[in-house]
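Next come two complexes built around chain A: one with chain B, the other with chain C.
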Partner chain A sequence: MYYSPTYVSCHAVCLRLLHLTDFIVNNKTTTKTFKLRHFFQLKKSSNEMANDREILREIWEGKLPVCFRLDKDEVADFREPDPFYLMVPRLSYFPLVIDKVRKHFLKFVANEKAEQEMWLEYNGQPLKWQYPIGVLSDLLLGPDDLLPWNITVHFSKFPESEVYRFDSKEMVESYFMACLKEADVLKHRGQIASSMQKKDHNQLWLGLQNEKFDQFWAVNRKLMEASGDQDYFKYIPFRCYIDDGYRQKLVKPISDDNHKKTLQDLLEELFPGNKNIKVKTHGMIPPMETPLQWLSEHLSYPDNFLHLCVV
Partner chain B sequence: MSEETQETVVQEATDSLQSMNIRTEPVDSSDPEHTKQKVDILLKPTGNAPIMKKKKWTVDSDKKIGWIIEFVKKYLKLEPNEKLFLYVNQTFAPSPDQVVKNLYDCYSTEGKLVLHYCKTQAWG
Partner chain C sequence: MITLDDMSLSIEDFNRCIEDIVNTSDNLIDGWRFEQNEELENGKYIIKKEQKVLSQDQEDDINHVLTFEYHIAFNISYGVPVLCFNVWKQDGTMLTVEEFWKLNERFKESNMYDTITQMDHPVLRRPFFTLHPCRTHEIMEPFLEESKNPVVSWLTVVGPFVHLDLNEEYVKMCS
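== the complex of A and B ==
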C-alpha cells in the first residue's frame, strides 16, 4: 500500500489530535474522539488525498478549560468571589472572551479600581493579549500542569513594561488584520489580502469573534490557497517562540530541487546545527516529517501564521 | 466607502495600538560579551509626514518597532499625543513588539529594511 508523505503526516497529526482531544476536559470528548477515529479510518480506506477539512474543524474547535480567580489582595468585599470557569477557544484572544469574567469579579473590587483595565497573570507572568490563547497555553503550561488552567485576574498595578494595554476589541482587530496581511505578503506577495474587500475582512474578523467556522473559512480559503498556477506558497508564514520573544525568517515550502520541505527543514534553517529542537502547536508536537505547505494550510492560526513554541 | 464608521473605529484602535506604552530599553542583556548585531533601516515619509534629514539609520537588531516609532516621533519633534504609523512593504503595520531583526530577515531589500512612516493611517 502506498502512502504519500502528506497522507502519512495527516495520519500522524490525527493521532496526536486524538491525544489532544482526550487531554481536554470536555463533555464532548467521546463524540470528538469518535469523529476523529472515523475520519482516520475513512482516510485509510480511501487512501487518497482526501479533503482535510475535518482537521481544520478540529483545530477550530480546540478549547481550553480555564479557571479565573481574582487576586486575593484585590478582594474588597467581605465575601471571597467564586472562581469563574470558562471554556475558551485556543484560536481566540483573551480580550474577546473575558467580558463575562470582568463582569463576574467587578462587584468584588474597590470602586475606584472598577474603571481600570483588567489583566491576567499565570504563575507570575502577565499574559500578552496579542498572542492567541492557544499560543499562551503552549508557552506557559508545562507538562506537569493540570487543567483547568488557573489564571489570576487583576484590576490594579497594570504591568506597563511587560504588556500592552488592550482597551478595546477593535485594537485586537487591527492587530489581527495586520498579521493577516503580513502573512499574505509572505504567501502571495500580499496580492490576495489587498484584492479583498472590506466586507471580506469583516467576515474574517466576525467569524473569528463569533466562533463561526463556515463564516471564517468561506473567506480564509482564498488566503490559504496557493495562488494562480502555483502549488505552493512563496514563503511559509510562521513565528517560532523562543526566549521571551519570537523569530521569523523566510522559509520556502519547497527546496531548490523541488522537494517538499518539512517541519524538520524549517527548524534546521532557523536554528542551524541544533538538531534536537522540538516545537509545540495547538497543544501537540507535530511530527517532524510533516510537509510545511500542509502544515501552513491546516495548522495555521486564524491570523494565517503558524505559531510554533520551542519546547 | 460604505462602512466608514467601522473604518473609523478600527483606525482609532490602530492609533491607540501604535501609541501604547512601550519598553524602550533592549530586552535581552543576557550576553554582554556578544557584540550586538546591527542592521540598516531606511525611513521614508509618506502622506503628510515631515521629511527626516537623515534617512538611513543603523540600529541594534533586537530593537522593537515600538522603540523606532518613539525614536522617529522624537526626531520629528511630534507632540506626545500625535500618532505615527510605520509600514513594511507599504502593506502592513508591524506590531510594536516585533523586533527589527525579524522584519529585516524577511522584508529587507539590498541590505536595507525600508520603513514608511506617516501621521495618518496609510495602508489598511
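== the complex of A and C ==
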C-alpha cells in the first residue's frame, strides 16, 4: 500500500504540531482526540488502511502527565511530602511505572506501613491498575478534567477485592501474557502465541516494560497478522467498558456476506437496539465507520485487545 | 454458532450442566447455588462457599482455617468453563497467590505463575484465582462425547488441585 508524499508530509507536520499542544499549550485531555480524529479524516481518502506504522508509533508514544500525592491521613511525618510528577505511557500499567513514586513517599508513612503494597485512588475510586493506564484515563477523566491527572497514593487498606495484588513485576507479566494469549485465541485460535518461543514472549514483555517500540513490534507484528491464507482475524479481541465492568462477545471482522464490519456493527451486536452508544479509546472517539479489522490491528493495546470505553 | 471449535461446549450446554449440578447439590444439601447477570450472554454461574482447615506441609503443625468461595463460570473467548475461587483468612483478609501456593503441595512441580493466576471473573470482572483456561479444552475434549455432564467430568480432574472435592453423586450424573 502507499499514499501520496503530500499526504505524508502534511500529516507528519500536523501530528508534530498537535503533539506539542498536547501537553504544553492546551492541557485538556481532549487534544489527542483532535490529533487522531484528524488522522482518521486523512485516512478516509486512502482505500488501503493496513500496515500503517505511523499510527502504531503515535499510539505507542501517547503519554499522560500525572501528579501523585500521598493521602493526607497517611502522612506520619511532620513535613508534608511534595507531590511527585511523572509522565506515564498510556499503553503501560501503573505497577510498572511507580517504583519511584513509592520510593518518594515511603519515608513519610508510618514504619509498619512501609512493607504494605501501595495503591492508587482517583476521585474516591481505587484505580484498577490491571487495566492499562490509558484505559483508566479514558474511564475516569471527563472532557473538562485538567491535566496533570491528580492521583492519591495510599499504603494501607489495599482494596483487594477490586484491584490485583501485583507484588512483583512477574505477576503483572503473568496477567499481561494471559490477556495476550486470550486475544490470540480469539484471533488465531491461539496458534500464533502458542507457537512462539519463550524468548519471543520475553521480548514482548521487555519491549512493553522498557517502552521499546521496535523491540515490541518485531514480535507483536506476527500476532497482528491474519494467519495463513486468511485476510481477517477469526474474532476481534475487545473489551467494552460499561457499568464498572466490561463486556466481551465473539464478534467477527466480516459479515456472513463478506462485508467488512465496522465499529458501528460491533456496538450494535453488543448493545442491540441501542443506536446512540459511542466509545472512547486512546483518548479519542473513533469514527463509527472504522473497519473492525483495521481498528484491531492498529488501535489495540499491547495485550492485543481493543479497550473501548462507553461514553 | 458461539463456540470456537466444532468440538466444544456451547453456552447452552454449559448452562444445562451447571443446572444439573445445582439440582444434585440441592438434594445433597451441598451448597452450590446459582447467580446470574442477565445482561450478559454468559451471565450464569454457580457458587459454593466452604470452610477448610489446611496445613502448609507435613512438618507444619499449624492449621489454617480458610473460607473458600468457588465459582464456575463460562469464558467466552476460550469457549470453556472456568473454575475460579477466592480464599479468605479468619481475619477477613484474602489469601495472596503466594500464600495459596505455600498451602498447595500438589503444585510444587509446576510453574506457579502459569497454572494459577489472578484473572478477571468472567461475569463479575473482579480478580479471582483462576486455573488458567488455556488447557481446559484439552482436558474436556474426551468428555464432550462420552460424558452426560462434561462440566462435572472436568471438575473431577481439576477440582483436587484447588481442594474442591466432589461427592460421588455428581460423578454418577456423567454416565
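By our rule, the second predicted complex is superposed on the first by the 261 of 311 C-alpha atoms of A that agree within 3 Å, B and C clash if a C-alpha of one lies under 4 Å from a C-alpha of the other, contacts with A are read in each partner's own complex, and residues count from 1 in each chain.
FYI, a contact is a pair of C-beta atoms (placed from the backbone, for glycine too) under 8 Å apart; a residue touches a chain by one contact, two chains touch by 3 or more.
Computed from a predicted model, the values in this text were never measured in an experiment.
On the superposed chain A, the two partners chain B and chain C do not both fit; they clash.
With both structures placed on the common chain, the touch criterion links A:248 to chain B and to chain C.
In the superposed model, A:171 lies in contact with both chain B and chain C.
When both complexes are overlaid on chain A, the residue A:182 reaches chain B and chain C alike. In the superposition on chain A, no contact is made by A:156 with either chain B or chain C.
Of the two partner chains, chain B is the only one that A:202 touches; chain C does not reach it. Once the two complexes are overlaid on the shared chain, A:125 sits clear of chain B and of chain C alike. In the three-chain superposition model, chain A touches both chain B and chain C at residues 130, 160-162, 164-165, 167, 170-171, 173-175, 178, 181-182, 185-186, 190, 244-250.
The residues of chain A lying in touch with chain C in their complex are 130, 160-165, 167, 170-171, 173-175, 178, 181-182, 185-186, 189-190, 234, 237, 244-250. Touching chain A in their complex are the following residues of chain C: 2, 4-5, 39-41, 76-78, 86, 93-94, 96-98, 113-114, 117-120, 124-127, 132, 134.
Across the interface of their complex, chain B is touched by residues 128, 130, 160-162, 164-165, 167-168, 170-171, 173-175, 177-179, 181-182, 185-186, 190, 194, 198-199, 202, 235, 243-250 of chain A. By the touch criterion given at the top, residues 1-3, 6-7, 9-14, 16-17, 20-23, 27-28, 88-89, 91-97, 99, 102-103, 105-107, 124 of chain B touch chain A in their complex.
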